[in-house]
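Multiple structures follow.
One chain, subunit A, links the two complexes that follow: it is found with subunit B in the first and with subunit C in the second.
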Partner chain A sequence: MHPVLKIVIQRLLLGLLTLLAVSIIIFVAVNSLPGDFAQAILGQSATPEAVAAIRRDLGLDQPAVTRYFQWLGDMLTGNLGISFAQANFASFVGTSAESGSGPVTVAQQIAPRFENTMFLAGVTAVIAVPMSLTLGILAALFRNSVFDRTANIASLSAVSSPEFFLAYILILFLAVLHPILPSLSNIYEGMPFGERLYRTLLPALTLTLVVTAQMMRMTRAAIINLLASPYIEMARLKGISPMRVIVKHALPNALAPIINVIALNLAYLITGVVVVEVVFVYPGIGQLFVDSVKNRDIPVVQACCLIFAGAYILLNLMADVLSILSNPRLRHPK
Partner chain B sequence: MSETDKPVLVEIKDIWIEGRSDEEWLPIINGASLTLRKGEVLGLIGESGAGKSTLGLAAMGYTRDGVRIKSGSVTFDGVDLIAASAATKRDLLGKRIAYVAQSAAASFNPAHKLIDQHVEAPVQHHVTSKSEATDDGIELYRRLRLPNPDEIGFRYPHQVSGGQLQRAMTAMAMSCRPDLIIFDEPTTALDVTTQIEVLAAIRDIVEQFDTAAIYITHDLAVVAQMADRIKVLLKGDEVEEADTRVMLESPKDDYTKSLWAVRSFERPAKPAPAVDATPVVSVQNITAAYGKLPVLHDVSFDIHAGRTVAVVGESGSGKSTTARVITGLLPQLEGVVEFKGEALPADYHKRDRMQLRQAQMIYQMADTALNPRKPIGEIIGRPVEFYMGLRGRKKRERVRELLNEIELEPDQFIDRLPSELSGGQKQRVGIARALAAEPEFIICDEVTSALDQLVAEGILRLLARLQDERGLSYMFITHDLATVNAIADEVVVMKDGRVVEQGPKADMFRPPHHPYTDLLLSSVPEMDPDWLTDLLAERGVENIGDAAVDKM
Partner chain C sequence: MSAWIGLLIALVVIATAGWVFRFAGQTVTGNKPYFRDMSYGVAFGFALGVALLAWLVWSYYRSWAIPAGQPNPYFFLRIAIHGFILFAIAAFLFRLIGRYVGTGTSRKLFRSMPLTASFGILIVLVYALLAIFAPMLAPYGQEQVFAQANVVPGGDPTLGGNPDFPLGTDQIGRDILSRLIYGARNTVGIAFVTTIIAFLLGGTLGFLAATLGGWVDQVVGRTVDALMAIPALIFALLLITVASAWVQGSGLTVAMIFIMAVIDSTRVFRLARAVGVNIVVMDYIEAAKLRGEGLGYLIFREILPNATAPLLAEFGLRFCFVFLTISSLSFLGVGIQPPLADWGTMVRDMAPFINYAQFAPQIAAAPLLAAGAIALLTVAVNFVVDWMLHKSSGLKE
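Right, the complex of A and B next:
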C-alpha cells in the first residue's frame, strides 16, 4: 500500500478514537452540571413528585452508563434526540403518537443554526486565509521594513483586542459613520445568497481581524526560518528574483506549520464565535449552545459539543493529511 | 602553457571582508587579490576558517547574511560587482556565474524535481525555452555519466544518492553555459569511491566547455587534480600562489610546507601478537539489525593488547554499528563480544561497572559529545567519580593529571566551558573523558574527520603516545585511508555490513587485494597532478567509483 494512504487511514482511525473519547468526556461533563432540567423548568416550588415524574419521562432516572450507551447508539444512527425544552410533554405520556406534528428534534433545531455558522466561517475563511498568506509572504519578503512592522503591529493589536470591541469599532465606522453595511445580521432561511452575504459581511470582517494575526505571523516566521537554508542560498545564486525565491523555493517547504495554524483558526471560527454572534444578532450555533446550557437542555448541549469536537478533529485531521502531502519524501518514497 | 594570453575574466583587488559576531565586525579576509582568466581553474585551499568560501562567494559579488565587503573591488568581465545593483548581479548569477555547493543534498530544494530546478535558471534568464533546457539537462546528465539520464531528472532530491546529486548540481551549474563556476568543496561530503567519479566528471565538463572555475577545498591531493594554479589562504591572509606543479614540488612558505608535511606521520609497525594470545576484544560472528533492517552479517575480528585495529569502509558499511554492538548500545541478534576471553552481556544495562569501564568511546563530533553547559573539570570528573569513586580534592587532582596527559594546561582549562575551546582541544577533552575510566580498550569513531589536517595530526600523535605509555588497544573507525596508513596495526575492510578483508597493515597496502579493497585504495587521491589522468587512462571511466562498486 502507498505509505501516504496508510498514514491517512491511521490518522482517520485515530480521529474516530479521539471522537469516542471526547464523547465520554462530554457526557460526563454535561451530566455533572449542577441542577437538572426538571428542576430548572419547574422552579423552586416544584413538588418532588412532579420533578420525579419529568425525570422518569426523560429517562433521567436511568443509571449514567445506560444513558451514555443509549445516547451513543442514537448518535451513531443519526438520531440526535429530542430537545427537552421543545418536547411536547404529551409525547412522553403516550398521546403524541397520534398527534401528527410530533416534537421538534435536536437535529431540526441545530441544522439551520449550524448551516448559518458554517456560512459565516466560510465567508471569513475566504477573506482571511488568502489575505493572511499574502500579508505573511510580503512581510517575509520585506522583512524589517516599514510594511513588515506596520502589518505586525496592526495584526497584533487586532488579535489583542476583545472581539466585541472590534465588532463595535467596525459597526461604528462601517455601519454608523459610513452606513455601508448593516449592523444587524438577522438572516433567515430562504434569503437570496447576495443579500445573505451582504448581511454576513460585518461579522465576517470582525472575525477576519481576530484570526489573521496568527496565520500571517506563522506564514512569515515559517518562511523566514527557511531563508538561511542552503537551497535558498542556491536559488539566490542562480539569480532568481526575491519574490520567486520566497514563493517557489521557501513557501512549499514551509507549508506544514502554516496549514496547521490555518486549521486551528478555522476550527475556532466554528466553535468560538458566540460573542460575535451575540453582537450582530447572528443566528448561529453558538447562541443556541449557550441558551441550552442555561436551560440544562442536555440533548442539545451534548449534540453541540459533539459537533464542535467533530469539527475540531476533522479540521486537524485534514491539516495533518495536507502537511503529509506537502512533504515530497512521503509523497514520493524512494 | 599559454594561459596568460587569455583575457581576464575575474579580478579581485585587495578585498577586505568582515563578519558580524556579537555586535562586532571581525575580519574574515584581509586584503586578498586574485586574477582568473577565461578557461582557467584556480584552486583555493586552506583550513576551516581560512575564508575560502567567503572569498569564493565574493568573486560572485555575493556575501552571506552578516558578512560585508569593507573595501576592495571585484570585477567580472568589466562589470564592477560591488557597485552593481541587485538586478544587474541577478542577471549575471546563474547565467554567467554559477555555484556548486558543498552539500548537494542540502542545496537542492526538497520540494521540486531535479529537472525543474535545472531548467529554472535558463528559463528565468530567458536563455532557452523550458523544453530546450530540459533536453539539454538530460544531455548534461548523460555527459556527467549519471545512471538513467533520461529519467533521473524527474526524481526528487531525496530519491537520488549523494554522489549523483553532486553531479546533477554540476549539471545545473552548466545549464546556462556560464563563464565561471565556483566549486565550494563539492566532494568533501562524499566517500572516496564516489569522490573520484565526481572529480572526473567535473574536470571533464569544465574542459569541454572551456569554463573558468574557482575550486575551493581543504584537500591538497584533490586540488592537485583539478587546478591549474593554487592559492593558499590562512586565517584570511594570502600565503602564496603558484602554478600547481610548482606549488607541489617546491612550496615556499612555511605554512604551505607544513600542510604538505601532514601526511608524513607514520608509526612503525608493531610485531605481530603471539599466536596463542587472548585478544582484549574479540568480536565473533556478530549479526545485528535496526528493527527489521539487517545491518551486520557475521562480523568477526580480534583486537589485541596495545594494538590499533582500523575499521574502514564507506558510509553505511556498518563500522559505527559494530562499535554500538561492542559497547552494548545495540544488542546483537547472534554472536558474542568477548573481553579477554569472557563473553560480555549483549545489552549494556546488564553489564557491571567493571565491564562498562572497559569499552570507552571517543566521538567524531566533539561539539555534540560534550555537554555545553558543564565546565571541562566536571565533564572529565564525572567518569572519574563514577568508575573510580574519587571525590572532592582527589577527584580534582585526578582531573588535573588527565588534563596534563592530553597536553592541556590544567589551570587554564579546568573551569572553561566547551564553547571556549577549539575543535582540537574539544577532541582532547573527549579523549581525557575516555581515559578517566582507565580502560584497556577505546573505540575512536572518526575522531579526526571533523578536524583540519594539522590538528588531526596532533590528535593522532597524542593517541599514539597514550597507546605506547599505557598499552591501550584502539578500534579506530575511519574512512580516511591516509589515517589508517599513519596509525593502524591491523585493518578490517567492511562493505554492506560484512567484513570483506582483514589483515596486518603491511599486507593490506600491498596487492593482491579483494577487489573492493583495491578500489578503495586506488580511489584515494595522491599528491600528483597526473594521478587522476593516469588512473582514468589505466582503468577507464567505467571502472572507477560507484560504477565499479555496482559491478561487484
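Right, the complex of A and C next:
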C-alpha cells in the first residue's frame, strides 16, 4: 500500500476513535444530571408510577452502557430526540395524538439552522481565505515596512479582541452611523440568495476579521521562514522580481503550514460562530445552542454539542490529511 | 449604489496618484535608484496611505465642525484617534521612564523594547492597580442602585448627563464607572484565579506524566486528547448546563471557574508534559534519581525550575484565552452571575444602546466602554507576549 494512503487511513481511524470518545464524554456529562428526562417532563409533582411508565417507554431503566449504545445508534441514524421545550406530558402519554403533528424533533429544529450556519461559515471562508493569503503575501513582500508593522499591530489587535467587541464596532460603523448593512440578520427559508447574502454579510465580516488576522500572520511567517533558504537566494540572484520570488518559489513550499492554519481557523469559526450568531440574532445552530443552554434543554444541548465537536474534529482531521498530502516528500517516497 | 461608485472613483484616483508620485519622484530626483526601482505596488501603497491619513484628518476636522447637539457620525472616530494618540504618548513616556529608572536589567530591557510592548506592560499594570484598589477607586459600590437610571455618559447636563455619574448609569440605575472598575477586579480576578488553577492542575499532571511515563502517561494523555477534541467554549457551555442543575447564582460562578480551569488544564498539560519529557532525560535528573530523591523533589526542585520560562509565556496566552472565554460566557449570560459587576454581562445588558449612536453618540459609548475594556487588556497582554516570543526566538527578519 502507498505509504501516504496508510498514514491517511490511520488518521481517519484515529479521528473516528476521537469522535467515539467525545460521544462518551458528552453522554456521561449529560447523564450525570440529577433526575432524568422523565422527571424533567413531568415536573416536581409527578407520581412515581407515571415517572416509571415513561422511563420504561424511553428505556431509561436500562443500564447506562446499554443506553449509551442505543443513544449512539439513534444519533447515527439522525434520531436526535425531542427537545424539552417541545415535549410535554400529553405528547408522551399520547392523548394529543388526535391534534395532528407530534412534537418537533431536535433533528427538525436543527436541520435548517445547521444549513444557515454552514452558509455563514461558507461566506466567511470565501471572503477570509483569499484576503488573508493576499495580505500575508504582501506583508511578507514588504516585510518590516510601515505596511507590515501596521498590518501586524492591526491583526494582533483583531485576534485578541473578543468577537462581540468587533461585532459591535462593525455594527456601530456599518449599520448605525453609516446604514450600509443591516445589523440584524433575520433570515428565513426561501429567501432569495442576494438578499440572504446581504443580511449575512455583517456577521460574516466580523468572523472574517477574527480569522483573517491569524491566517495572515501564519502565511507571512511561513513565507518568511523560507526566504533564508539557498534556493530563494538563487532565484533572487537570477534577477527575478521579489513578488515572483515569493509567489512562484516560496509559496508552494509554504503551502503545507498555510493549509494547516486555514483548516484550523475554519475549525475555530465553529466557536466564534456561537457568539457572533447571538450578537446578530442570526438563526443558526449557535444561537439555538445558547438558548438551549439557558433553558437547560438537554436533548438540544447534547445534539448541538455533538455536531460542533464532530465538525471540529472533522476540520482538524482535514488539516492533518491535507498537510500530509501537500508534502511532496511523503507523496513521492524514495 | 452611489457609495460603490464613490469607492471606485476613489480607487482610480489613488491608483493614478501612485503613478504620478513615482513619475514625479523619478523626474525630480533625476532617476535616483530609490524611485527608479520602485515597483508600482509600493507607489500605490504610499498613495493609499496618504489617502487614508487625509481621510482621518478630514473626519477629525468634521467631528469638530459639527455643532454639539446635532447627529455626529465622526464622534467615535474622534474618540478612537484621541485614544490612540494618548496611549501612544503614555507608552512612550512609560518607556522613557523605564529607561532611566529601575535596576540595570530592567533599564536594559526597556531600551530594546518596541512601543507596543511598553504599551502592553503599562496597560497590564494599570489594570492590576485597578483590580487591587477597586473599592478605593470606585466612587460607588458595584451593586448600589440610584434613583436616576439611564443617565447619559459624559456628565453634561444639557445632553442628559449628570456630573455625579461621569460615565452615566445603566438601566436600573447603577453607576457605570464604578461597575467598570469593579469589573476589573471581578472579570480579571476570576480569569486570573482560573488560569492559576488550570496551571496547578495541568502542570502537576503534565510533570507527573512526564516523570512516571508508562500507563499513567498513556491514560492521562489519551483522556486529555479526547477532552481537547471538543472546542473549549462548546464544552464549557455543555458543562455549565449540567452544573446549573445543582447550583444557582454565585454558586454557578464558582462552578464556571472550575469548569474553565479543568478545560484549560488540558492545554497546560500538553505543554507541561512536552517540556517535562525533554527535561526528564537530562543527566541531573538521573543523578537525583540515583541519590534516591522522591517524586515531589524531582518535580518541584528539578523539573519545575527548568520549565519556568516556557510556562510563563504560556501563562500569558492562557490567561488571555481564559479571559476571553469567560467574557464570552458572561456575554452569553451563563458566565459570571449578577450581582457581581462584570464586563461581558455589562456589554450584553447595554448592547441595545448602540442603536442610538446616530443621534446621541454618548449613549452608545457605554456598552463599547465595557467591550473595549476587555479588548484593551487582551491586546495589551498579546503585545507583551508577542514581544517576549520574538525576543526569545531570536528572529531577526
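Quick note on the criterion: the second predicted complex is superposed on the first by the 290 of 334 C-alpha atoms of A that agree within 3 Å, B and C clash if a C-alpha of one lies under 4 Å from a C-alpha of the other, contacts with A are read in each partner's own complex, and residues count from 1 in each chain.
The criterion applied here is as follows: contacts are C-beta pairs under 8 Å (C-beta built on N, C-alpha and C of every residue); 3 or more make two chains touch, one makes a residue touch a chain.
What you see is a predicted model; the values in this text were computed from it and never measured.
Asker: Following superposition onto subunit A, is the placement of subunit B relative to subunit C best described as a clash or a fit?
Answerer: fit
Asker: Is A:Lys238 touching anything from subunit B or subunit C once the two structures are fitted on A? First, second, both or neither.
Answerer: A:Lys238 contacts subunit B only, not subunit C.
Asker: Tell me which touches more residues of subunit A here: subunit C or subunit B.
Answerer: So, of the two partners, C touches more residues of subunit A.
Asker: Between subunit B and subunit C, whom does A:Arg329 touch in the aligned arrangement: first, second, both, or neither?
Answerer: In the superposition, A:Arg329 touches subunit B alone.
Asker: Now for A:Val8: first (subunit B), second (subunit C), both, or neither, which partner does it touch?
Answerer: After superposition on chain A, A:Val8 lies in contact with neither partner.
Asker: With both complexes overlaid on chain A, does A:His249 touch subunit B (first), subunit C (second), both or neither?
Answerer: It touches subunit B, and subunit C stays clear.
Asker: What is the contact status of A:Met118 with respect to subunit B (first) and subunit C (second): first, second, both, or neither?
Answerer: So A:Met118 meets neither subunit B nor subunit C here.
Asker: State whether A:Ala228 touches subunit B only (first), subunit C only (second), both chains, or neither.
Answerer: both
Asker: Rounded to whole Å, what minimum CA distance do you find between subunit B and subunit C in the overlaid structures?
Answerer: 6 Å.
Asker: Jot down the residues of subunit A that show up as touching in both complexes, subunit B in one and subunit C in the other.
Answerer: 228, 241
Asker: In their shared complex, at which residues does subunit A touch subunit B?
Answerer: 228-231, 233-241, 244, 248-249, 252-253, 328-329, 332, 334
Asker: Using the touch definition up top, name the residues of subunit B that touch subunit A in the complex.
Answerer: 60, 62, 64-65, 89-95, 98-99, 101, 103, 106-112, 120-121, 124-125, 155-156, 158-159
Asker: Taking the touch rule as given, give the residues of subunit A at its contact with subunit C in the complex, in rising order.
Answerer: Counting only subunit A, the residues touching subunit C are 18-19, 21-22, 24-26, 29-30, 32-35, 138, 141-144, 146-147, 153, 156-157, 159-165, 168-169, 171-173, 176-178, 180, 183, 224, 227-228, 241-243, 267, 270-271, 274-275, 278-279, 289-290, 292-294, 296, 298, 301-302, 304-305, 308-309, 312-313, 316.
Asker: In their complex, what parts of subunit C are in touch with subunit A?
Answerer: For this pair, the touching residues of subunit C are 3, 39, 41-42, 45, 49, 73, 76, 116, 222, 225-227, 229-235, 237-242, 244-246, 320, 324, 327-328, 331-334, 344, 347, 351, 354-355, 357-358, 364, 367-368, 371-372, 374-375, 378-379, 381-383, 386, 397.
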